[in-house]
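Residue numbering begins at 1 within each chain, and the chains themselves are lettered A, B, C, D and E in the order written.
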Amino acid sequence: MSHILSWLTFFPLIGAVVIAFMPSRMDSLVKWVAAATMAVPLVLAAQLLGMFDQSSTAFQLVEQYDWISSFNIQYHLGVDGLSILMVLLTALISFLAIFASWNIKKMVKGYFIMLMLLHVGMMGCFLALDFFLFFVFWEVMLIPMYFLIGIWGGEKKEYAAIKFFLYTMFGGVFMLIGMLALYFFSADANGGVSTFNFLELAKVDWSQFKVAIFGSQFAVDKLVWWFLFLGFAVKVPVWPFHTWLPWAHVQAPTAVSIILAGVLLKLGTYGFLRVNYQLLPDATLAFKYALVILGVIGVIYGAFCALAQKDLKKLVAYSSVSHMGYVLVGMAVLTPAGIQGAVLQMFNHGLSAAMMFMLVGVLYDRLHHRYIVTPEGKLGFGGIAQKAPWITAIWMVAVFAGMGLPGLNGFISEALIFLGSFPVYRTETVIMSIGIVLGAAYLLWMVQRVFLGPFTTLHKDTSTGALHAAHEIQEITGRELIVLAPLGALCLWVGVYPQPFINLMKNTLNQLIEVVK
Amino acid sequence: MLAGLSTNLGLYLGLSAVFFAFGVLTVLTRKNAVGLFMGVELMLNGAALNFVAFQTFRPGTHDSWLHGHVFSLFIIILAAIEAAVALAIVLRVFAARRTIDPDRATELRG
Amino acid sequence: MQLVDFFTLLFMLMGVVSAVLVAFHPNVLYAAVALVFSLLSVAGLYGVLGADFLAAVQLIIYVGGIIVVILFAIMMSENIYRARFRDAAGKFVIPTAVAALLIAGFLKLFHDAKLETRAGLNAIPTTEQMGRALVGPYALVFQYVAIVLLAGLIGAVVVARPHHGNPESEAEKK
Amino acid sequence: MEQSNLITYAILIPLLPLAAYFIQSAVGTRLPRMGDWVSTGAIFLSFLLATQIFSAMWGAHDPSWVVAKSWTWVDLGSAGLPVKFDIGVRLDNLSAVMLLMVTLCATLIHLFSTGYMRDHHGHPADGYRYASFFSYLSLFTAAMLGLVISDNLLTLFMCWEVMGLCSYLLIGFYRHKHSAANASIKAFMTTRVGDTGLFLGMLALFALIGSFQFEEIYKALQDGIFTDPKNSLLGFSAAAMIGFLIFCGTVGKSAQFPLQVWLPDAMEGPTPVSALIHAATMVAAGVYLIIRVFPILDVGNVLPIVAGIGGFTALFAAILAIKQNDIKKVLAYSTLSQLGYMVLALGVGNFTASFFHLITHAVFKACLFMCSGSVIYAMHHEQDMRHMGGLAKKIPFTFWSMFIATLAIAGAPFFSGFLSKDMILASVLGYGQHHGGLSWLLVVSGFVTAGLTAFYMFRLVFMTFFGHPHDHHHYDEAHEGGWNMWFPLVTLAGLSLWVVYTGHVNPFQAQGWFTQLIQPPKLPILAESVKEYAEFEHHGHVPAMIASLVVATLGIFFSWLVFGAKKIPAAKLAGIWPNFVHKAIDNLYFFDWFYIKVAIQKGLMPFAKFWTIVDDKVVDRGMVDGLGDVANVAKGTINLIDDVVVDRTFVDGFGGGIPSALGSSLKVLQNGQVQRYLSVAVVALMLLFFFLRGVLF
Amino acid sequence: MRSLFYVSPPLLLSFFSVFVLIAGLWIRNHAFLVGTSLLGLGGTAGLYLSMIGKPAQDAFAGMLIFDHFGLFFSVFSVLVIALGVIVSARSREIKEDRRSEYYSILLALCTGLIFMGISNHLLMAYLAVETVSILSYTLAGFNRERNVSVEASMKYVVYGSMASAIMVYGISLLFGVTGELEMTGLREFFAKTPADQLPHLTWIAVLLIFAGMGYKISAAPMHMWTPDVYEGAPTPVSAMFSVAPKAAGFALLVRFLVTAFTQPIEGSMEALATGIPVSQASFNLVGNFNWPLFLMASSGLTMFMGNLAALSQVSIKRILAYSSIAHAGYMLMGISTQSTAGIYAILFYVMVYCFMNIGAFWIASKVDDVMGGDHLKHFRGLVSRKPFYAISMAVFLFSLVGIPPFAGFMGKLYLFRAVIGREMYFFGLIAAINSVISLYYYMKIVKAMFFDAPEVEMPAGKTAFDSRLTMTFIALLVIPNIMFGLFTDPLMALISEAARIFTGS
């Protein structure tokens, strides 16, 4: 199939248009149309996997056309070992998100259109080989995300939405400036023609350029590295740019949290690898230690914050901060194990965090609250295992995947990261290992308070807002299983036999290390 | 002692500066909208005087075109149009509010 | 000392004094009268500078037209004898300082500029030359100003004319 | 036998229970008998396969018999950059014996569970739970067996963690109980702390030699990589550091001081779980680990630390055991104490004795736990010994099995415990004699523990089976379980006889097939020290045997005096100790208090909460919103606060920060007076003029 | 005659202006007035289109100059006024009794705008600015039944007359120093006079002239009239004010500064023409006035003033007014880069800004008409009432923020390209921070429309919220906002012609 990457990216737009012209009373049909639409990228992604040559480190299935000639901007897509896993993840998560949003009642059409636009942005970001195109997709994601949180979110949705928007936009403008700086300096090294092409930019030797700001000389690549860093760090989110994340997660509807944790956060780390690493290797080498430090802080800090949370979703959100910290460390150590562990961790966290957010949604749908501890200091849940063993069992899979239990995916990637980082940054790794203990602590403590013990679960009356004791909890439904089962199965697969996934990326990533070093 | 006074460009310029400055002062301080326009007229006259003076005294000012004089002429014409419109508006303000104190017309603010 | 120098001095003094009065006289009506004098002084200086046509226009349009309109507007809009004309003196401080600074600054700039001047006063009558200029290079401007005048007056009329008894617009009045 | 067959068997051994786990968790509840036969059958098949391996090993009868095979599991490398993780199976004498022991104990405990986990009418109390109990057991067994056959630390660690998970799930099995939930999380977290040490050790190991495989480790040791000064970590040799870190794993898993706190609480789990996990297998896995990496510990001179911790734990736990009234708690502390013995044995260099005691202890402790389970079952889940008594007649199989096992643990001749414990004490004595000084403390600890063990174990037997029943209601109803409950007890009791482990009739002679086959790895670098350690045992052999017999007899005798014949009132015995001793023992030496109250509740949680507050108030609001607060305070003096505060109710975000405050001040500027606007413009223009003049001229 | 050909479009407009006025005395049919006005504008545009490709030419003895730059702005002015006519056509704020006058003034205003773009002589420029100003004063007060409208008008006239008086004073000083009023003549003068021989008087002269032009584009510090006037004026008028005079002001400012105070650098034009930006300046400064620095200061100030003040507003028109100030700041960046890339950027930005801003004002106008106000509370829950308007408004606002794939982003990108291309990183950073700040208040509107429940009851009897025609036109405004965000090449091809001020003159 020709132009498979374009189809992969833009096919949902067709569905969005179809949905836009459907009568608004046909809500259930809208959902099925959405599901059918999003199934196409999933199938295409599977097909892409078949077409992908693992042994090559080059970009494959490249599509390249002139787009904005006055800027020498191209429509340039391609996939390599770094992006292929993310593409698969995006296709999968986007598809599952449709089912996770089955019980949306308000403005159904708009909701699904927004989900599809979001898919376009995410997929495009992972596939773009032109910096400008990348940036456009990057920003395109903001708008659907803003609406998804702002319209269909929780009680403080506006605050969360604007916070998300402001933070990301803040990072985005820095990225824009960095991007333009690279663009201009590339002219001198590229035969007088400025370019946004990643491949061309990667060839430039940036060390020759200096820029004067307020009379001091700065190396261009070092300066730009930090600009780009800001752009991506907000998305990851790197401590201390993480504070939008708990808000966005807590207020977002379930499916959006799934996408947010599953795909969006990865865009930040993907950006580091794709842009900072490939384009500015010298600066990366110079500043990698900053990434390590921020990563370690993120791991520990996120874990501590998760430990003290009283809101289930917030806990999971902070766990994301913690888990993305590992990714930073892994990628910064520049060893095969570290960097592959980092990318695998991106994938794994996508699976397990998506699962956890879905499961939070499962509980929320039934009980209409998320208090581990209510504001009055009582347990909001408790003993759910007795009433809903299947929900509990799936929770356990997600929790254990999240805390890095062997046999599930989290272990592999975390172990790889640790193995990769220990020889390089010994002390930092040792400090980071506290995160393992804390990770187990906050998750298990949560499990204990939510699922074990006597059945004390409370139910929130949506009309009055009062909490009273729940009697029964409905077991997991088929629709929810559709979302959870593939994720769980993948968690197990990666945990037991990660080699196929590693094969996809290892050549590209090892070459990336060579590039940086 | 007064010899050459009429050919001293500096004096004309000084007077125009005075006109301009007091025009500004008038605009900034009058408590009457019409008074404001009087200030504007002063400023315009300062400028017009400059034009004529420069035309007369400065070399290289295209005498055949009389830039300065023509400009002054159009200043006067436009001042007339402006005055007509402005005073119409002021009267409308007075009709609406029974005052033309510009400080009281602060419904639009912030 | 020539006569023209004397008149120059006279007009200039008149200009300065009347400008001060325009700015500071508490009664706006007197200020308007002072404005007449400053305009007259400018007209006189035009005459000194040989801009005879301009001097005439200044007299006709400004003194004869604009000032009348201004006075008319003042009479119509303000109860001259009871209106509060001035704020507290505090409001004057900054503008006066600004004006002083402006005058000082301009004088310094003019002085520093050391603009060279043509020898002597080239005070030949310019009316004819003006006429040629207005139908020559300035023909377009001259024509165009007519359109502006027309449109401006239409606007003035629209804004100033009294209300029709339009019930809808009355209802919407806020 | 073909080696490849053996490898296949070895792989099948953990896979069978794993398959059972998946079957059980998927369809367990729909199978007949809730599928307990699936798990039991699977482990029984594993047992049969294990006997095959054992017989192959027996047939070879070679201390350095090894059958190994490995595969690449994860290959991260690409051309010119080899990074890979190999995993594989290693069958040697250690693993063959261990496999046999684990599969046997597990089979019997599965069998026992089919009775124990039902009520007295033979019904599983709660269908789901019965099936999942077996599924967890299967998963656990699979992990344990996988650990045993691992030829590398990586899979060992993975299985190790999965065991931890199963332990967590099974301790918390009675999930309606808060105490069970607390105990499970405590167990997991405590071991996780140790595991982190182990994990770090593995990281260091991998960084050093690029592999996790034992063979590679031994080879690297021989090559001197571990002792090379340029590889030293934090001023210690690599071997010392790595050895110590790996030993941390043991401290967690085998509940050694100072991470011993979880094991007694783990008794919240069902009794078969206690028998399998917290007596026979999982906790022993910690010892198995250090036995595997013994060369590193030896080369790195970590053994004195190991010995110290082992000896201390042994004594310290034994003292606690005396005052316990819960039958399972007594056994739990005794397990702690015995694990301490094993660690101590390894610490003084007696590789063989350590493993020997591991095996014998597994057998008799599994027996003891199941007996206690049988008692509890008979007493309708009453665990307090003070409510028992005189049960010997009601449940004879249980009584006799327990009696034999108790003799074994007390170190009475003719029983396995005597042999293994004697070897340990001999080594310790020899060690003490050789090193002198503080190492005598180890000797004292070893012998006192032996005496105390005899004392408290017989206290248990006397309180439970002799004397008068204290709870007639339960007593009257007490009865033996079905064959599936007494058969395992009897079998294990039978295996506690000396002859099983020596193969000859002299009950005082420990040398036999076991000691011949189980020998430290034959590494030249170890040869000298191994010889020295053998000397210790040889020297200490006879005096130790005599002394141990004496203390064991004394212990039993005192126990009889106090609890059997009641010649000395227990209260009087208790009264001779000062109050603080009681207080310390009652509070478990304040370890729980320290960890939970001080470290976690007073340290960790406030810290976490503090960071959350920091996150909310400083990082979030401080960096984004909070600057607005500062601006507010500043603006408050000029009466702007209202604007800003009102704005903040819906502004917050960036808007709530400086921008909004500035925006509000612009609002003041924009007061609607056109003259104000013009003044601003004129003044600003003048300022601009002067500013630019300043810049440019 | 050749000169007359070049002024034929404004002449045509003047004719229609008078015709509409006179015909309106008898024919009060609204559609007729709108149709006639559009006809006139269309004819004008047609005349202009026929001039494309003609070499640059001066006319009326150097009073005017016809080049593609001027042509661009002429067509643009016609376009904006046409949009203004369309927006006004259904507005309730333009009362029935003065419609013919209204359209007449609009057309006359358009001639002023056109002359602003093509004048080469400071007298012509002054006249054009005054024309636009004077007519704007009356337009601002057009809804004279509303006090705010009259008040706005009064503020506008006071501020405007003073600003133009300042400008005239500046021109007089410049005339005094150079003796020239033609811009091309000024360049010649500056080119032959060494900078150190020029008095500082030039400085203050240019500063004063800039103040006058800055008032038209509402650049700080001459910006403060803007919010009050936009809020008070009838919304369709504000819509035009925020675009047309501003664009014409930019045209004048660019032409004035670039023509009079710079010399083109050899080769830089050609480099640009091939689409490759250069990081050097395209123009050398002549004279002693470092206007780029001055514009940078003003630009930064303008952005902050506009964006910060907008944060706490509740009236949409006022928010948009402040936002238009901020946008003027962005555009000023373009000139201060002193490069053709910057001029490209301004032209492009002006174009897309027209579509997004008029769109936003139009919807504000519709909401004002139907809901009886333009405050945030009137916008709450708009999406549930009129999803089309809400979504269109969101597109306009996102475009104003500058988020891809909307046109506003491309506009900002071109500006940033110019700025970063000249290595003015700090300046770029300031603009970037500003666009983040601006996000906040734009999103406040989006939030009100989409996230909040309706607060104000729709006044009874005002169900005529929309017509298909209006919706179509709004959709036509939405389309360029997306199209120019994705495909800028066609527009840029046009602009690259238009931006070459120097060629041929």
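The rule we apply is simple: a contact is a pair of C-beta atoms (placed from the backbone, for glycine too) under 8 Å apart; a residue touches a chain by one contact, two chains touch by 3 or more.
Keep in mind that what you see is a predicted model, and the values were worked out from it rather than measured.
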{"item": "Partner chains shared by chain B and chain D (touch criterion as defined above)", "value": "C, E"}
{"item": "Chain nearest the global centroid, as defined over all protein CA atoms shown", "value": "A"}
{"item": "Chains most often in contact, by C-beta pairs", "value": "B-C"}
{"item": "Chain at maximum distance from chain A, centres defined as averaged CA atoms", "value": "C"}
{"item": "Label of the chain whose CA centroid is most distant from the centroid of chain B", "value": "D"}
{"item": "Between chain C and chain A, distance of the C-alpha-averaged centres to the nearest whole Å", "value": "69"}
{"item": "Rounded Å distance, chain D centre to chain E centre (Cα mean)", "value": "76"}
{"item": "Chain A and chain D: spacing of chain centres that average the CA atoms, whole Å", "value": "36"}
{"item": "Centroid distance [mean C-alpha coordinates] between chain E and chain A, Å", "value": "42"}
{"item": "Multi-chain contact residues (two or more partners), chain B", "value": "13, 20, 23-24, 27-29, 33, 36-37, 39, 48, 53, 58-59, 70, 74, 78, 81-82, 85, 88-90, 92, 102-103, 105, 107-110"}
{"item": "Junction residues of chain D - those touching two or more other chains", "value": "650, 653-654, 667, 670, 672, 674-675, 678-679, 682-683"}
{"item": "Set of chain A residues in contact with two or more other chains", "value": "158, 162, 166, 170"}
{"item": "Chain pairs in mutual contact under the definition given at the outset", "value": "A-D, A-E, B-C, B-D, B-E, C-D, C-E, D-E"}
{"item": "Footprint of chain C on chain E - complex, ascending", "value": "3, 7, 14, 17-18, 21, 60-64, 92, 95-98, 101-102, 104-105, 108-109, 111-112, 115, 123-124, 127, 130-131, 134-135, 137-139, 141-142, 144-148, 150, 153, 176-177, 199-201, 204"}
{"item": "Residue ranges of chain D in contact with chain A within the complex", "value": "25, 73-79, 81, 83, 128, 132, 154, 157-162, 165, 168-169, 172, 175-178, 180-182, 184-185, 188-189, 192-193, 195-196, 199-200, 203-204, 206-207, 233, 604-605, 607-609, 611-612, 615, 619-620, 623-624, 650, 652-654"}
{"item": "Touching residues (chain side chain A, partner chain D) in the complex", "value": "158-159, 162-163, 166, 170, 239-240, 242-243, 301, 304-305, 307-309, 335-337, 340, 383, 385-386, 389, 393, 396, 400, 405-407, 411-412, 415-416, 418-419, 422-423, 426, 429-430, 433-434, 436-437, 440-441, 444-445, 447-448, 451-455, 497-499, 502-503, 506-507, 510-511"}
{"item": "Residues of chain E touching chain B in the complex", "value": "122-123, 126-127, 130, 134, 137-138, 141, 144, 147-148, 150-155, 157-158, 161-162, 164-166, 168-169, 171-173, 175-176, 178-181, 227-229, 231-232, 312-313, 318"}
{"item": "In the complex with chain C, residue positions of chain B that touch it", "value": "1-7, 9-15, 17-26, 28-35, 37-39, 41-42, 45, 48-49, 52-53, 55-59, 64-66, 69-70, 72-74, 76-85, 87-92, 94-95, 100-101, 103"}
